[in-house]
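Please find the structures below.
Each of the next two complexes has subunit A plus one other chain: subunit B in the first, subunit C in the second.
What follows is the complex of A and B.
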């Protein structure tokens, strides 16, 4: 039996143009800001469709908060539909990408936006549980899916 | 061929053509040819062109081609539309008006669709900020307009019937006849307004008859909407007209009106270029315009006034454009009389005077004046030219030295230069004004340091160097302007006795030197000789002469260390001015120009360079670069050739601080040459003088190296001598005995010797380049590289001292970063280990950070070059290790960034070579992910991805 797509017809939004940052003060340090994180995660491919998380409006710059002093990053994402079983895969992708792109001292919290998912609490718990994340990434199928989403050149 | 066989042939041909077109219609799109078809050696453009020629081969294709192309217009692909319009535009004249007539309706509807129904024009950048009406048309619109123009030429009546009878267009224009606010109008309406304007303009431009029809149809309505009446007012009535203000700000109508004016002006000027110049004054449109001309000018005036009131730049655009158009109608167009023309100019000048704080409208007004000036120059309108010169140019010139208007000086100069550039007579007037200003204010600025005069003279001189002199060079003006400028400056210097030393004075000196160089380099040999002689007279009258009495000379013959310092300040500011300007003249001379009293001049420059006076050093470099080399080439009266000059320069005592001075030993100057001055600076240990001497020697060396003179060898050896000697021999004067003191003295000296290689090889904008007539031997950098490299390498191997090694590597770094890559790449194998050595040595001291950056740029260039690949592969491990170190270099962000980029490039090398380093690289990069600078972090993310993926097949997608 062929499984159907979970969200067969998602709404696709236009990509925003990447704005070049104004030249920073050459002597000051550049703090990590939400836009920097967003620039890294916006091009992650959706597990189901050949669109980026940005195009599907799963993520936005406003949904990311960062506190550099405490070393914390919080990403709140919005799955395209309430029953999206791919929410955990998206969360895994985000976590994996941030692990690659930011130093280990940042603590990353990943949550679904309040009210955007039927099993909100369960998904949040699963995504922020170190053991369960590690276990999930040991599953070859899941690992394959995550890697494809992160490094896909389809977009 | 018999009749029947001919018939058969035609039948076959015809049926073939029919099949071909039906096949195209079904399957073939012009777009179906791939843009990149290099594999078959034919480009898409060539195929498209061939098909275009085939379509237009015979009018017989018309029944097939036109429907096919019209059909293609309905495609959603923008490029298909562009191509179709292009084909239609090309085929229409080939097929003839009779055949095209039946497609008129279809063609008009497709053009209207593109232009009016869904226009794709984009607001231009400058217009975006103020919600204006300056649009950039899309390619489709441009092609559609070209087609429309072609069709109008072919059969204007038919198309005009359609355009003027089109209800949509008529309704649209009527809807715009009532006042509305441009800023509240949606973008699409503005785009449509723009398109309708273009449509009317293209229609009116095609012929007199069509211009008449368009005017008859729309112009009276527009004038009524604007509240204009046909009037024959007296000229004084400009201000007294009583109009409802709102009607003057009917933007849509004004916009269309300006477009129409533009169109009929183009029409008239088009005729003017051809031989038969019709009497268009009796044309209907001309009579109409004639009647409304005065009222229109009035309305444009009030538009301009509105700008000064509430900053509506859109109205400024129509107002200024309208006035500019009316002012540039040919003289024979009676309504715009000379008086009206004067009024327009006066209005624009007064607007420029008062609106300088509104950048957009100020720029428009100036541009309009410049356009008017260019038109007058282009069409030889002598009466208007006189009026323009009187009202605009003279007025602007009077601004130079007066406080009125209260406009920033830079804007004043911009306005003055741009109006001057409209024609030679205007420019000459402006130059006269500028010369007067310099004459009047230079002494004030130069002697008293009066702030305002200094600022003014600096601006005028900058204007000369950057705009006026280049303009005369481009437009074939005489050298008189350049000559006059140089003469004025020397006169002024000559006539003043003292100078006030201020900071602004240095700025003024800089501006004067640049202007002097720019002026002298444009003069002919004879004028240059006159200038240099004049300058020498001033120089010889200064306190710098006679040399034996000057502070320079005494300081040299005196062995007291403090004496020199004492006298540095005693060189008066005026002397500094004179020698700087004289050096500027010498820098810009042509090789053929004869310099009088060369020996004295050389000695003077040598003295000055010991004070750190760089222009003197540059002038010496220029002299040795340009002096004739052989006696027979020399001018009879020329006392010196290059050999003698070098002899004078290098036997001077100032180089003797270097213990093993190769300059005095070398065969070139050896034999009879004794050092004249035994009381030399050698024992003085006066570091700053030594450094100045090294910098001076470097500039002299640069002059020699560029002409490929052998003397450069000795100069190079001197630098190497300074680098090697001071630490290896330990031969320091006793006063420097403590180690710290010794280092303090020696390191700056060695650093300047190392940096001399930078001066030798880098391109300078101030002197010794093509602009200043330098003698440049081809490939001189390559030759120097080949000769100096072995020396540097053997010295590096021999030296034990860390400081010496680092300084030698600094020199090496300068040499490789200035030599073209192609000269070095063949020896990349030898170069890379050295390069890595130099990086590891230089990273130990923060003062080398700029040099490290240059070296790493060379390394990255080698990494990117195909010819360097083998060498890179052989040294892969060492390169990676070095780059890992540099990725954490704390003193300069760009070094870290480039190092990480290079590491990223290294990941492309064969797997087996780089795999052993993978873990090391990833560890280093994970540290770089925490870099304080964002650019480095972003580079690190990319590099990490590249290195992480080399081990995992699954990461390649």
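What follows is the complex of A and C.
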């Protein structure tokens, strides 16, 4: 366990203006809208810094792609640095936040943006091994950290 | 009865509800389901419990007869009956393996095996019931000797896998142990006499092996073929020489026979070979697929074909598929949707085709 922050000086961006969704939006209800998903995850707090994943450009609107026909959601995020050891925690936060947000048969794949992490393949493998994810979320320390990242914006 | 010429249907008989979280595994109790003995099935779940289901002789439907709870403190990942059916072993993310005995109307935990550093993922009893193997995320495989009075003694801790070990399975006839892992390999472990266990073969990418996590393996009835399934979206069939295996002289090497690719587009979590030779797979696309050997393949180069695909078998990922060994063509499946389903493989007469 390294002392001090992995990335002590992250670059912080202004929050993008939020577009209000019209009430008579034809895409409401059944459809899974990437922007709706983005709205749910953009404010997740980074595990190490008091900023949201959006503010640190870890996530952007382009991070989410949805294939309605196949029932697949792909989230691509960009860790702030190449050797980010919090990448798997961010993955856990994303899965936990999105847990009950779309029809049960939808599959979620989470990856780091290509070229954004030194151990890209290894990190992607761990992020998508559902048994590892399940076990990690049962670990009280990780659970605590995830809860803080998800709910601190509501405090 | 030829598996090549006939058409089949997988008929859903019943949906077993009760678990409060995803169901990871199911296991049929040996020596049940025929000769008037009702079929019994165990299931284990993320809800930390194990349920035992029994088929009613009059109605044919399965009912939950017992809930094994307040023992494991985390997800119960897999369960396995001893060959006699007297004991049920359960592996948990709480790093322990519990052994249960049927006492009267209930099940009692008679032993707890500790030793793994973290999540235990799989257990397997050998054919005679004298040995138990466990494996887990700590990359090790443990072999335990079954002693009188429900005592268990660890006889070996096998290191070799470089990552999380997902499943262990004893050979159906010989005391040879197989394990598969997140490190993409399958390892074969044998004894040198006197509790000296070591890895005698590793089936890796270079041997036509898998290119991602291997989740499960299953043997055919004669024990000379093995099917493995993986996150790399393929099923692989491996073979070994039966006579060499049985002679016990040195180890019989396993060779890649065939790769079934293009049939799955999400991780395959489970594979199980029935006594009749039908291979069932359960995958993350919510479907169950059945494969059988071609009738006209060469003896040395058998080919396999898709017998049927059951789309939307469950509402979510299928984690486990298990054929009953009772010869009644029943298949049990477990899913992230919290249910277990009982299926029957029905053969359709002559010109009847399954509805599209």
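Please note the rule applied: the second predicted complex is superposed on the first by the 142 of 155 C-alpha atoms of A that agree within 3 Å, B and C clash if a C-alpha of one lies under 4 Å from a C-alpha of the other, contacts with A are read in each partner's own complex, and residues count from 1 in each chain.
Heads up, the rule we're going with is that contacts are C-beta pairs under 8 Å (C-beta built on N, C-alpha and C of every residue); 3 or more make two chains touch, one makes a residue touch a chain.
Every value quoted in this text rests on a predicted model; they were computed, and no experiment measured them.
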First (subunit B), second (subunit C), both or neither touched by A:13: neither
Subunit A residues touched by each partner, larger count belonging to subunit B or subunit C: B
Contacts of A:131 with subunit B and subunit C, given as first, second, both or neither: second
Contacts of A:152 with subunit B and subunit C, given as first, second, both or neither: first
First (subunit B), second (subunit C), both or neither touched by A:144: first
Partner chain(s) touched by A:40 [first = subunit B, second = subunit C, both, neither]: first
Partner chain(s) touched by A:107 [first = subunit B, second = subunit C, both, neither]: second
Subunit A residues contacted in one complex by subunit B, in the other by subunit C: 104-105
Subunit A residues within the subunit C interface of the complex: 104-105, 107, 125, 129-132, 134-135, 138
Residues on subunit A engaged by subunit B in the complex (per definition of touch): 21, 24, 26, 29-30, 32, 36, 40, 100-105, 144, 147-148, 151-154
For the subunit C and subunit A complex, residues of the former touching the latter: 22, 46, 74-75, 77, 93, 118-119, 121, 137, 164, 166, 182, 212-213, 231, 266, 284-286, 312, 315-317, 337
Subunit A contact footprint on subunit B (complex, rising order): 893, 926-927, 929-930, 932-935, 937-938, 941, 944-945, 948-949, 954-955, 957
